[in-house]
Amino acid sequence: MAAEQSEKKPTSWLRFSSPRNFYPLAGKMIPWFMGLAIVLVLAGLYMTFFVVPPDYQQGNSYRIMYIHVPAAWMSMLIYLLMAFYAGLYFVLNVKLADMMAGSLAITGAIFTFIALWTGAMWGKPTWGTWWVWDARLTSELLLLFLYLGYISLRAAIDDPNRAAKASGLLALVGVVNVPIIYFSVKWWNTLHQGASITTNKTSMATEMFITLMIMVFAFWMYTIAVVLMRVRNEIIERERDTNWLVEELGKEK
Amino acid sequence: MLQILDLECVRGDLLLFSGLNFALESGELLHVKGANGSGKTTLLRTVCGLSHPESGKVLWQGESIWKQGESYRDELTYIGHLNGVKDELTVLENLRIATMLSGEQHSEDQLIDALVKIGLGERIDLPAKMLSQGQRRRVSLARLLLTKSTLWILDEPYTALDVSVIATLQQVIAQHLQCGGMVLLTTHQDVDIEGVVKQLTLSA
Amino acid sequence: MFSVINLMVRRDILLAMRRPQDVMTSLFFFIIVVSLFPLGVSPEMEILRTIGPGVIWVAALLATMLSLGRLFSADHQDGTLEQMILSPQPLALMVLSKCVAHWLLTGIPLVILTPLLGLLLGLAGDEIQTLTLTLLLGTPVLILIGSIGAALTLGVRGGGVLLSLLILPLFVPVLIFGTGAVSSMNAGMGVEAHFSLLGAFLVLSLLLTPWASAAALKISME
């Protein structure tokens, strides 16, 4: 349906929402984003290990923050972005929006997992335990459950249209609940006076901030590259019977 | 008037039919034929508004059924493969609740009368779990004797019915057409009904 | 509007009365889960009293979740759900009525049993009172939120486990404020905030979830 719409009005920006136009465009963009991601990650890691000074309280162990914090930010932003694409799917009825949402979910879940894993690794030298039930880690854990629910629902429904609509609705329900869950967990945590991992924010030096930003950009570039790759795979699977795809795949060889 | 314009339906990734057009006027019946898997049920469910088409329009009195919503559903009676009959309820309770669900109020006498006509007169107080497949089908078809809706969409209404009940049902349908109603039905049997009977064959 | 609510609530209660084992199962489940904790954790009354409110809340949450699988499944299997969607009455209203009936059938019995289970776990009188009130306010929220998950997983393979994965994270705020009320009371900080928040959750979910569930049902029936 999306393809027909865009063929009728080729001047509209919606033409990029047709798999036929999107597939080659994404193919051209992926190497650039992936290349940028690799360069930025290398630069960020160099800064992390050789440029920024050790923390005056936590020593070197705090350096994992440069992965933990950007991953945690990404995990939350990607959930919002996923819900945005789910909403877009309902408004415009464009299948590509649903493919974007589905692809983002997997990357989001991976970043959530990385944030949890690095949080645990940071917690061990800092608090002496792998896991503390602090507000951030707990919210992050619940976010992982939300991602897993979304991914499982998509996987459990065979019909792609029903999967798109059902998971889209779940994403919208989830995004309404995320602030409520976050607020409740924070409130629960203050009541039980749990520990929290933070670094001394006032002492954040310029090079620390720059390193953090480099890592955030690196993660964004990586996200865009892998999401485009996943959407392309999804297009191949769904449009495998169409002529244009066969031609397109022929060109790539 | 019911109009179908350039309708295309898919199931999963499979194209069932495309470019389907037809119109149904007052007093007409459309018999949808086709092999198993040709999309008869999907077509009926799409016309009801249960399923969304891949593209195309379904118009009722010139307006899209998606925009009308409740006012279209008020004019519609759909009987699908499933009977909507609850095992735990008696025959009479089943019919009463089914008619109330479709927004109609009928007196006890009218309900019993309908059940008698469709041959369930002696079983009105029996729990539905004691009924045979054909008898359950009759409970759900009894709604047709009571409803005031204009458009009837019937998916294999004759399934599991014996000859005498089929004759009764065909009379009821003929009467509905005479009063200006419309019927859209699928069946593998021949439709022997007086009135304007159109045919549509879906090829897989 | 009220006639359709009346019809659906009475129909669902009548159906449950004719098949009472469904309601009883989730009630027994609730009791059994709670009575496993003294065996699994410790029979010390001090420990049980500390974890008691949380145990009862988690058990109520699981019992509700298990019963939610039945909310729409029977109507889905026998075709009544199609008729509900095609009815000229608003579907959201019918969903709301089904949730009300479900709460009367499974939520209220849990609330009634709570004082008894509270005694088993050594809770004091005022603790039991607060806990019971939080469950009275919280169980309808669980059912309303859960109805969305029940509608989304209708007819999906592995639906029961999937349902729990979808809705348990969404139950967290209710759980936190439900159990928080008792600890807050014991800490001498008052329970008004908790009850207002649970009340706010209830109002919000009454207003929003029936629409979401109705949309989910239509998606599942396509």
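Note that the chains take the letters A, B and C in the order they are written out, and that residue 1 is the start of every chain.
To be clear about the criterion, a contact is a pair of C-beta atoms (placed from the backbone, for glycine too) under 8 Å apart; a residue touches a chain by one contact, two chains touch by 3 or more.
Note that the coordinates shown come from a computational prediction; the quantities given were computed from them, not determined experimentally.
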Inquiry  = If I rank A-B and B-C by number of C-beta contact pairs, which comes first?
reply    = B-C
Ask   = Using the mean of all protein Cα atoms as the middle point, what chain has its own Cα mean nearest that point?
value = C
Query = Any idea how many Å lie between the Cα centroids of chain A and chain C?
reply = 32
Ask   = If you average the CA atoms of chain A and of chain B, how far apart do the two points sit, in angstrom?
value = 48
Key: Between chain C and chain B, distance of the C-alpha-averaged centres to the nearest whole Å   = 37
Ask   = In chain A, which residues are in touch with two or more of the other chains?
value = 159, 161
Task = List, in ascending order, every residue of chain B touching at least 2 other chains.
result = 52
Note = Listed in rising order, chain C residues that touch 2 or more other chains are 222
Query = Mind pulling up the chain C residues that touch chain A in the complex?
reply = 148, 152-153, 156-159, 162, 165-166, 168-170, 172-173, 176-177, 180, 183-184, 201, 208, 212, 215-216, 219-220, 222
Footprint of chain B on chain C - complex, ascending = 3, 7, 11, 14-15, 18-19, 74, 77-80, 82-90, 221-222
Remark   = Per the touch rule above, chain B residues touching chain A in the complex are 11-13, 52, 54-55
Chain C partner contacts - residues on chain B that touch it in the complex = 48-52, 70-71, 73-74, 76, 78, 80-89, 93, 97-98, 100-103
Request  = Show which residues of chain A lie in contact with chain B when the two form their complex.
outcome  = 1, 4, 158-161, 238, 241
